[in-house]
Structure formats: C-alpha cells, structure tokens
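Look at the two complexes coming up: chain A is in both, with chain B in one and chain C in the other.
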Partner chain A sequence: LAPWVPVVGLEIHAQISSNSKLFSGSQVQFAAPPNSLVSFFDASLPGTLPVLNRRCVEAAVMTGLALNCSINKKSLFDRKHYFYADLPAGYQITQQRVPIAVNGSLSYSLCIDNKMNQMVTKTVRIKQIQLEQDSGKSLHDDTRSQTLVDLNRAGVGLMEVVMEPDMCCGEEAAAAVRELQLILQTLGSSQAVMAEGQLRVDANISVHHPGEPYGVRTEVKNISSMRFLAKAVDYEIQRQIEELENGGTILNETRAFDSKLGCTVPMRDKEGKQDYRFMPEPNLPPLILYDTKSLPANMNHQQVINIDWIHERLPDLPSVKREKLVEQYGILPEHSFTLLNEDGLAEFFENVVKQTQMKPKKVIGWILQDLLSYLKQHSLSVKESPVSSFLLADLLNLLEKKEISSTAAKQVLAELWKGEGKTPLEIVKERKLQQLQDQKELEQICQAVIDGQENEVIMVVLG
Partner chain B sequence: QVSVALKEGRVTPTELCQRCLSLIKSTKFLNAYVTIAEESALKQAEASEERYKRGQPLGVLDGIPIAVKDNFNTAGIETTCASNMLRGYISPYNATVVQKLLDQGAVLLGKTNLDEFAMGSGSTDGVFGPVRNPWSYSRQYKEKSVPKSHSEDKESNWVITGGSSGGSAAAVSSFTCFAALGSDTGGSTRNPAAHCGVVGLKPTYGLMSRHGLIPLVNSMDVPGILTRCVDDAAVVLGSLAGHDPKDSTTIQDNFKPFELPDLTDVSKLSIGIPQEYHVPGMSSEILALWSKAADLFQSAGAKVVEVSLPHTRYSIVCYHVLCTAEVASNMARFDGLEYGHRSDTNESTESMYAATRREGFNDVVRGRILSGNYFLLKQNYEKYFIKAQKVRRLIANDFVKVFRSGVDVLLTPTTLSDAAPYVEFIKEDNRTRSAQDDILTQAANMAGLPAISVPTALSERGLPVGLQFIGRSFQEQQLLTVAKWFEKQVQFPMIQLEEVKRHDHDVFQDQKSTSFS
Partner chain C sequence: QNVSLEVLDHLEHPALVDFRDLEGVEQLQKAIQFADQLHEVNTDGVEPIDSVLEDRWCLYLREDDVTEGNYTKELLENAREKVEEYFVAPPG
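Take a look at the complex of A and B:
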C-alpha cells in the first residue's frame, strides 16, 4: 500500500482582549447576562455606522509582528453576506481583499515519541491575519422549537490567523496552536482561553500520495479543546485514508467533531455552496498604518498607529523567554517548555530560586516533579497552590543546609500540601525529622542499634 | 427675517410653532407628513421662548420650526422610511444632523413622507401614499390648467413633488416649516426642490454626518437641505457640517460656517455648460431656460464656456449597478429579528425571514435587492461591480478635469421637465422613472460633489422649474455664493396658495419674507 501524506491547515479565531468591541463602544465581557452588552450598532439598528477600535488594530499589529508577518500599511474592510440569527446586519465586516498582516511564520516544538528530552522544532507558515467581527450566539431550544439569540458577543473583535497546511498530524496541530496561544497570552492581545471561546480552531484536512496533487479537503469545526483538536485531526486523517483505500471519495464538506463519540460527522448542509457576495465596506475608509519613516510630521498622535513604536515595545515572546531561562538557570530546554506551559509556573520557579540557596538545577526537579505532579493530581493551577514559593524555598533551604534529608523533605512537603499554615521548620520539629549532624551522636545511635540487634550483627559480620 | 422677528419679540416661538402645526393640519391633503410630533414640538417651542425671554437664544435657528425626512432617526419619534418594515419603529437615538438642529433650538414639527426607503423620484411609492405638490393647488397652476370636463374632479390633475424627499420639499414649499432635511443619493433632494420651487442643497460627501440616516447607498448618500432661499440653506449648512466621530466617512478638517457675500461682480467667474447634459427627453421649455440662464451670466460679465463630461452617458447604468448592490447589502439587516416588522410565520427562521421581507418591502425595494445580489455574486462581481466602480472613477475624473481647466461652477437643468401629473407619472414603473429623472442629478453623487437646485421660473403650466449648479468638492461657499446671485437675478415668484391665504393672514405676512436668516 502506498504511503499517505496527511496535510493539515488551521483557521484560528482569537478574540481580541479589549474593553470594547471592534466597531462599537459596548463592553467585552464573558458570561454577562444575555443581551446586556449590545449597542445600537451591534443590534444593527438602522442608521448606525461602524467606528474602528484602535486597541483592536494594535492587538492585530502586535500579533502580526510576533508571528514575523509583513504588516500591510494599507488594509481594507469588506462585508461578507449571509443570513443567520446571530448575525444581525446580515453581513460580517471582515478583511477579505487586503488583510492587516501577511506572510509570517510560527515555530513550535514537539517531543519525539513522547520523550521529553528529545524535542524537535517545526515551523508553520502564517498566511495572513485579518480583523473581523465575532457573531452573537444562538442556542437552539428544540423542545420548544425556538432559537434564543444572545448578541453580547456580536461585534467583538477577532483576529483570524490562517496557518498554511504545513502540519501533518494532530500532535503538530495541537503544538502549533499551543504555541500560538502562549504568544497571544504573552502579548496580551488575546486571553486565548479555549474553554471561554476566546480561541476557536477549525482544521482543514486532506490526504494524498507522495508526488501526487493534494487531495480534496474537509473542514472540521466544533473543536473545543487542545486535546480534542489532536483527536479530531487524527480521526479525520484516518477516516479519509480508510475511505480512499476502500475506493470511496472525499467530499469537500464541513464536518463537526463529536467529542463524545470521538469522530467527525457531516454538518447539516443548509445551502450548499455559499456565495458570500463580498463587497467593500463603504462606511470604513482604508486602514492606514505608519512606521517611523512614513509618519507625517505633524500628525495627531491619537489618530495614527506607528508599527515601529509597537515593535519596540513587544514583550519577550515564549521562545525568547525559554532561551533566557535555559541560559540564566542552566536548566534543560525541555524544562523551559514545561515551565512556560503551565500558567504561572515559570514565575513560581524564579521566585523560589530567588529565595533559596539551592542551585536552580536542583530546584527545577522539585518544581517539575513534586510541585507540578501534585497540582496535576488535584487539578489545581499554580495560582491555587497551597504551597507558596516562599514556603517551598524555605523547605529547600532546610534541605540545602542539610538540616533534613531529602526523604524528610518530601515528607514535610506532603504535610505542607495540607495547607494548615505551618512552616517547614515547625513541621520538621513536630515530626522530629531533623537530620542529625553531630558525628558523635550518630555513632551513639548506630552503636545502640547494633547493640540491640546482636544476632543480626553476627550474621552480617560472618557474611 | 423670521429669526429677527423672534429676537425682536414680534412673534414668539410657540406662536410660530402653533401656526405651523395648524397649517400642517389644513394642508393635510398634501400628505407631506408621516408623523406630526405636536407635543414635543410645543415643548421645544416653549423652551425656546424661555431662552428668548432671557435674551439668550442659542442661535439663528432657535425656535425655528423644521421638518425631517422620515429616513432620519429621531429619538422617541416613529421612523418608518415609508415602509411596512419599519412601521411603528420608534428610534432610540437622534441622527447627528437632527441632534445638531435640536441643539441649536430648532423645533422639530414632524417627519416627512418619501418614496419607500428613499427609492424613487416621485415620492409616490411609500406605504403612506403619494405626496402632492403644493403647486397643484396654487393659483398659478390652476389659472393655466384647462379643465377637461365639468364633472372632472378638480383634484385629479394634481402633480407630483418629485422625489424621494418629496414630503420635505412640499413642507417647505407650503410654508408649514422654514427648513427641512432630505437625503440625496441620486438627486433625491434636488429633484423635488426643483418641482416644488424651493432651494435644494446636496453637500459634498463627507461634509455632513450620515450617522442616523438610514442608508440607501452608503458611498453616495448625503443629508440634503431644503429651504426657501439660498441664505437659509447656508445657515442650516453652517450648523450641520463638520466631522462626526460616529461617522468614519466624514472629513477630519475643521469646518467653518460662512456668511454668504452679496456678489455683485461675476466677471471673475467661469461657468461651465456640460454639453452631455443636453439629453433627449428634455422639454424645450427647460432648454430655453437653461440657455437664458447662461446668457444671464454672460451678459453680467462672467465667462461662460461649453465643457464636456464624456462619461455622462454611462452614469445611469453605473449608478444602477452600484446602487442596487449597496441596497442589497444594506437591506440585509431587515430580518424581523431585532426590530421592525416580523411575520407571524413560525415554521423556521428562514421562512420567517422570507415572509417578513416579502411583507415588509414593496416591489421597488425587493427589485433592487434582487438586482444587487445578482451583481454581487462571485461570478458577476468582476463584470459588474468592479467595472461599475471603474466607470465611477472615470465619471468623477471628468469633473476633476473640467474644474481643473478653470471652471468654477457648472450650470445644468435639474429635471427634464416640470412636475408631471400623478396619473401620468404612474404610467411608468419606478425603475424607468428613476432612470429618466436621475440623469441630470446623480453624477454629482457619483463624484461626491456639492450641488444645488435653485428655483428659476414658472413653466407654461404654471409649475416651478429649477436649475442646478454643481461645485467643486468642499467649495460650498463658492457654490452658494453663485447660487445666491442667480436667485437674486431671477426673482422666482412666491407660491400663491389659497389654503394658506384663507387660513391665517398673519402667517402669510410673516412668511412673505420666505426666509429666517
């Protein structure tokens, strides 16, 4: 059987972290009472006009720069028409002709064969980033044959990040999205929490034989977590391979991932191929961005965005942060990945290092093995840890000073988890875990043990 | 002059308001108004009166009764666009231009009638019925019209106002208000102005805010101003123009209201006569009037030159494509979900949409939506929409070239003939009529240029005829200065309405001055 080459591309919608929506002043907030954050424009009341939110543009520029894109100094807005209950105007304002950023790349890392110490770096090309409106939410109440529409989300700013089909499997897709998520969170341009709908991923998947043209692709939607992303992609690849090997064909269709069944199913195809009747948005002039060279002399600072200015102020991206951690603390690259992978863990680690004499190379073990595994076991975030960095540092100092053994330290840690407010020293005293340093005392204890176990000693001496 | 009268206390705002309101009632047969906001108008008048008493009027417009076309949002007042789709729709906010007028103390009498969603050139296709041209009832018209038979209904040969801002034009023409807002997308302010013998100003695109104006074609719509004289138009323009942060298509530059000089010397002026505007179907009367006007400028010392706008003949078709495409898009929001008419159909969301839109829109609107969507289809987009945009650019460039060659202002007729009798007008459908009637006016919308229709003379039938001046972008001051000079030369007669005479002599006296500036 000829080998199959799976091809995976992604369309990711990230909700922009801003106070107000992309084209109107209503607030952006998760889980607010239905229809409480809807301005006249969001509800598409006749006569209302869009006004572009500066913060949203800045967020898109930051993201474009972080993903090595060229920022288009002139980009345009378009209307994409379709009828749906959660789209009050009957069209979405998006950037179809000329988006704000193009031609970037994202590097991400994978463990080979699940071995943490064998990481490989991959790159996926970023086709473009475009600004567009989010839609409202519709909830179908089948029992009462009605649809409930909540427009709170209608008009919230989105960045659509399009990743070229450079990925080959679920693991790669998940790793790429994970890295994007970290970048967005570092920039602050999106909080990118999948569970809150701030990061939505659609996958485009096809398979072909090497040397042959790409196969027909399907689009997979309704993926609600990173884990499901990998599953959905892998399932669909498998499904397509089986279908083709059995002589079938792949339809160019949209499929939904059913998380309960772990498979993809065709989505209810309402209108066949949609013609979105794209048209320029006449109420928004072209978006013009400047850099230091092109910035006119007496331009009102409030009215312009300077790309260079934003570039200068970008925070360290995750890849840079990892490098710095490895360099500064002498930890392994895979450690730096884990540190950045858990929200707040890197900070925790650095705080402990600051407060202890123990070498970072040793501290990392306590962080990644003891602390992290405990947190995982109890489904706690770093923020929720009953053991603070101060307490852990305190404990590690005792260990470093050889006042306790490492076995004892683990026992103290187990006690600390209870969060009863005791200090490590208190627990040590309570449980009499102090390590004896005094040579003479140790000799006496050993002697006493030997004396008390005469038979065993004779057995040992005799060999 | 009425503004002065208010200031001097010769008349009070409430008196003025009440007179206008009662005149509206006695001219009800004109069907110019859709909604009359009696209570709020009186309150506004009272507040204005207080200010005058304290000697602190807000400005020239304080206490002046105005009317607004029913496609502008007015908070707390029904805004229907003369459509079933928005019947009963109470706006929750004021359009920016409405707000500006109210902030100046103007008294909003009510909302005026129009073609449904401003689509039409007769003000005959709205759900509240057609608007009647006040001149139908003027002595001038009646004297000239020959009754065909004794038993003929006197009312049956009334003429249309033109459109789509017919209600606003009729309201100003019949003295029920001193100024009115219309909208102009293809000539909708200038056309009815010409037919009703009033001044109709279309400002440069981007000068006045469209926030709150329910859009027809976003890239061509502008709010229009209808008044009884050019000076008044300048005053209203002064209070309405300027950047609006709520409308991203308004220019950022600071706008300075201007006073119109009384031009005496036109020798430095260059008037352009576009040869392509000499179109078939134009009445010989209008041709003669146009010629006479050109001669008037020439003998007064101005340079009058024939110019060419070669792409004029493509403008109607180009307009049709771009207009219907934008209409199709703008009307997509009317789905019955959030506001407006909603059909009772319960089967599915889609069937509800379809029924709502079929019930809510008239044939004209539906026809344009279907055409527009056709042009926007992927396979047609390049061929029609993109092509039309390119042609639009050519049309706009025609004007740029002409103005660059030294011409200050263009002079053309506004309409092909005087107002048609309603029974004649409705013999052709809306699309045909629009295509015919828009031909002289809509190139200015394509190019975004300012244009004004000035009442010039009465036709043989005793009906008003207007001529149009088209100016350079944002050069309203020059445009209006020329228009004012012309207005003074032609001395257009005042309408002699029996209803008005009978009603209240005083009102007539006050309004004889036909202006409030």
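Take a look at the complex of A and C:
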C-alpha cells in the first residue's frame, strides 16, 4: 500500500488586544450585556464610516515583525461580501489584495515519541497577516426556528495569520499554534485565550501520495481548544485516507469538528463555492507605514507609525527567553519549554533561585516535579499556588544546609501545600524532621537498632 | 456575448437581486455592454489608483479610546423582532 502524505495548513484568527474596535470607538470586552458594546457603525446604520484604530495597526506590525515577516509599507483594505445574520453590513472589511505583512516564518518544537529529552525544531512559513473585522455572534435557537444576534463582537479587530501547508499532523499543528499563542501573549498584541474565542483556528487538510500533486483539501472549522485541534486534524487525515482507499473522492468542502463525537461533519450553509465579490473598500485610503528612513519631516506624530520604532521595542520572544534561561541557569532546553509553557512558572523559578543558595540545576527539579505536579493535580495556576517562591526557597535552603534530608523536605512541602501559614522551619521542628549531624548520636542510634534486632543481624552477617 | 443562465443564477444568488423577466435580462446585457467600453482604454503598465486624490488622501488613525456604546435601546428600536436584548434573525 502506497504511503500517504498528509498536508496541513492553518488560518488563525487572533483577536487584537485593544480598548476599542478596529474601525469604531465601541469597547472590546468579553461577556457584556448583549448589544451594549455596539456603535452605529458596528450595526451598519446608514451614514456611518470606518475610522482605523492606531493600536490595531501597531499590534499587527509587532506580530508581523515577531514572525519575521516583511511589513508592507502600503497595504489596502477590501470588502468581502457574504450574507449572514451576524454580519449586518453584508460584507467584512479585510485585506485581500495587499495585506499588512507577508512571507514570515515560525519555529516551534516537538517532542519525539513524547520523550521530553528528544526535541526537534520545525518551521512553518507564514504566508501573510491581515487586519480584518470580527463578526457578531449568532445563537441558534433551533426549537423556535430562529437565530439570536449579539453584535458586541462585530467590528473587533482581528489579525488573520495564514500558515502555509508545511505541517503534517495534529501534533505539529497544535505545537505551531501553541508557539504562536505564546508569542502573541508575550507581545501583548492578543491575549490569545482560545476558550474566550480570542484565538480561532481553521485547518486546511489534504492527503496525497509522494511525488503526486496535492489532493483535494477540506477546511475544518469549529475547533475550540488546542487538544481538539490535534484531534480534529488527525481525524480528518484518517477520514480522507480511508475514503480514498475505499475508492471514494474528497469533496472540496467545509467541515465542522464535533468535539462530542470526535469527528468532522459537513457544515450546512456552505454548499457550493462562495463568491465573495471582493472590491476595494471605498471609504478607506491605503494604509501607509514608515520606517526611520522614510519618516516624513513635518507630520503629526500621532498619525505616523514607524516600523523601526516598534521593532526596537519588541520584548524578548519565547525562543529567546528559553535560550537565556538555559544559558543563565544551566538547565536543559526541555526544562525551559516547560517553564514557559505555564503562565508565571519561569518567574517563580527565577524568584526561588534568587532567594536560595541551591544551584538552579537542582532547584529546577523541585519546580518541575514537585511544584508543577501538585499544581496540575489540583488544577491550580502558578499564581494560585499556596506555596510562594519565598517559602519554597526557604525550604530549599534548609535542604541545602543539610539541616533536613531530601525525604524530609518532601514531607515539609506536603505540609506547606495545606497553606496553613507555617514556615518550613516551624514544620521541621513540629515533626522533628531535623537531620542529625552529630556522629556520636548517630552511632548510638544505630547501635540501639542493631542491639534490638539480634536475629536479623545474625542473618545479615551470615549473608 | 450573451449572459448564460448559469452566470445569471450565480449573479442573482450572492447579490440577492432578481432579474425577473426577459426584459430584465436584456437590460443587464445592455449594462454589461456599456461597461465593456472601459476595455477600449489601453491601461498596460499603468498602476490603478484608489482615488483621484492619490497621495493626498491620507488615512486618519484614531487613538484607541472607548468613545461609543450603550445604545442598546436605540439599536433595538429598529428591530422588527427582538428577544430580550438580542436581534432576531431567521435560522441557518
């Protein structure tokens, strides 16, 4: 049987972290009373016009730079037409002809065979990043045969990040999206929380035999978590392979991921190819960006966006942070991945290191094994940890000074989790966990044990 | 050139227009022919412009301040049907 090569591309929509919307002054906020965060423009009332939000442009430029893209100094806005209840204007303003950023790349890492100590780095090409409007929200009420529409989300700024089909499976797709999520959160351009709809992923999937042209692709939507992303992609790859091996064909269709059934199903409303009738947005001139060289002499600062200025102020990206952690503390690369993967864990680790004499290479074990596993067991975030970095450092100091043994330290930690406000030293004294250092005292105890177990001693001596 | 039935159907569907009868279709044909006159101009090597204002049409950048909202009552006044504070639309 000839092998199949799965091909996976992604279209990721990230909600821009801003106070107000892309083209209007209404607020961006999750979970507010329906239709309370809607301006007349968002509702598409006649006579309203789009006015571009500067912060949204900066967010897109930051993201483009972080993803090694070329920033287009001149980009254009277009209208994409389709009819849906949550799109009051009947079109979405997007950037179809010339988007704000193109031709970038994203590096991400994978564990081979789920072994943390064997990591491989992969790259996915970023085709483009474009600015566009989000739509409102539709709540389908099938019992009463109606759709309820809330326009609070209509007009919120989105960055659509298009990843080329360089990925081959669910694991790669999830890892790439995870790294993008970390980058966006580090930049602050998007909070990228999937659960709140701030990061939405659509996957384009096809399969073919090596050496043959690419197969027909399907688009999979409605993926609401990172875990489901991997599942949905892998399911669709399998479905396509089975279909083709049974002599069937793949339809160029849009499918939805059903998380309960763990499969993809054809989406209604998406029959036939859509004709979006793209046209230039007549109410918006081209978006012009500058760099230090092309900066116009006498223009109002507020009206000028300088790419170089933004570049200079980019924070350290996750990949750089990881390298620094490895270099500074001598920890393993896979440790740095785990540290950055949990919100606040890297800071916690560094705080403990600052407050203890124990070597970072030893501290990391306590962080990744003891602290992290406890937090995971109780579904707590690092911020919610009952054991602060101060307390843990205190405990590790006792261990480092050999005042307690490693086993005793674990017992103290178990006690500290209760969050009763006791210090490590207090617990040690309470439970009499101090390590005996006195040689004579230790000899006496050992002798007493041996004296009390004569039979066992004889058996040991006889071998 | 005639407008085929397939193209006609395709035009009507996404644009939600109805050419109704034969006369309507003839009107459409005439409109297309009229617009086709644009092709008489040779535009080889000429960059299309977005506006006759060219470079003088500057995109205004707004500060990221919340300046609008809380128009729920006014917006819902125009709605034929509403449920609590949601607009009501047909299913699908």
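Everything below uses one rule, namely that the second predicted complex is superposed on the first by the 460 of 463 C-alpha atoms of A that agree within 3 Å, B and C clash if a C-alpha of one lies under 4 Å from a C-alpha of the other, contacts with A are read in each partner's own complex, and residues count from 1 in each chain.
Following the convention adopted for this analysis, contacts are C-beta pairs under 8 Å (C-beta built on N, C-alpha and C of every residue); 3 or more make two chains touch, one makes a residue touch a chain.
Worth saying up front: this structure is predicted, and the values here are computed from it rather than measured.
Engineer: Kindly classify A:Tyr329 by the partners it touches after superposition: chain B alone (first), chain C alone (second), both, or neither?
Structural biologist: neither
Engineer: Identify the partner contact of A:Ile305: answer first if only chain B is touched, second if only chain C is, both if each is, neither if none is.
Structural biologist: Touch partner of A:Ile305: chain C, not chain B.
Engineer: Given the touch rule stated above, what does A:Thr48 touch, chain B (first), chain C (second), both, or neither?
Structural biologist: In the superposition, A:Thr48 contacts chain B only.
Engineer: Where does A:Phe257 make contact in the superposed view: on chain B (first), on chain C (second), on both, or on neither?
Structural biologist: So A:Phe257 meets neither chain B nor chain C here.
Engineer: Contact-wise, after the overlay, does A:Tyr235 reach chain B, chain C, both or neither (first, second, both, neither)?
Structural biologist: neither
Engineer: Using the touch definition from the top, say if A:Thr147 reaches chain B (first), chain C (second), both or neither.
Structural biologist: A:Thr147 sits against chain B and chain C alike.
Engineer: Among the partners chain B and chain C, which is in contact with a greater number of residues of chain A?
Structural biologist: If we count touched residues of chain A for both partners, the winner is C.
Engineer: Once the shared chain is lined up, is A:Pro286 touching chain B (first), chain C (second), both, or neither of them?
Structural biologist: It touches chain C, and chain B stays clear.
Engineer: Check the residue A:Leu76 against both partner chains and state whether it touches chain B (first), chain C (second), both, or neither.
Structural biologist: In the superposition, A:Leu76 touches chain C alone.
Engineer: Quick check for you: in the superposed arrangement, does A:Pro34 touch first (chain B), second (chain C), both or neither?
Structural biologist: In the superposed model, A:Pro34 contacts chain C only, not chain B.
Engineer: Residue by residue on chain A, keep only those touching chain B in one complex and chain C in the other, then list them.
Structural biologist: Looking at chain A, the two contact sets intersect at 40, 43, 51-52, 81, 83, 85, 145, 147, 149, 151, 275, 277, 284-285, 303.
Engineer: Can you check the complex and tell me which residues of chain C touch chain A?
Structural biologist: Touch list, chain C to chain A: 10, 14-16, 50-51, 53, 57-72, 75-76, 81, 83-92.
Engineer: Report the residues of chain A in contact with chain C in the complex, numbered from low to high.
Structural biologist: Touching chain C from chain A are residues 18-20, 24-27, 33-40, 43, 51-57, 76, 81-83, 85, 138-142, 145-151, 268-269, 274-275, 277, 280, 284-288, 302-303, 305.
Engineer: Per the contact definition, I'd like the list of chain A residues that touch chain B in the complex.
Structural biologist: Residues 40, 43-52, 79, 81, 83, 85, 88-91, 145, 147, 149, 151, 275, 277-279, 282-285, 303 of chain A touch chain B in their complex.
Engineer: Any idea which chain B residues touch chain A in the complex?
Structural biologist: Within the complex, chain B contacts chain A at residues 72-73, 79, 81, 86, 91-93, 95, 210-215, 217-219, 245-249, 252, 325-326, 328-329, 331-335, 337-339, 346, 349-350, 353, 373, 376-378, 381, 385.
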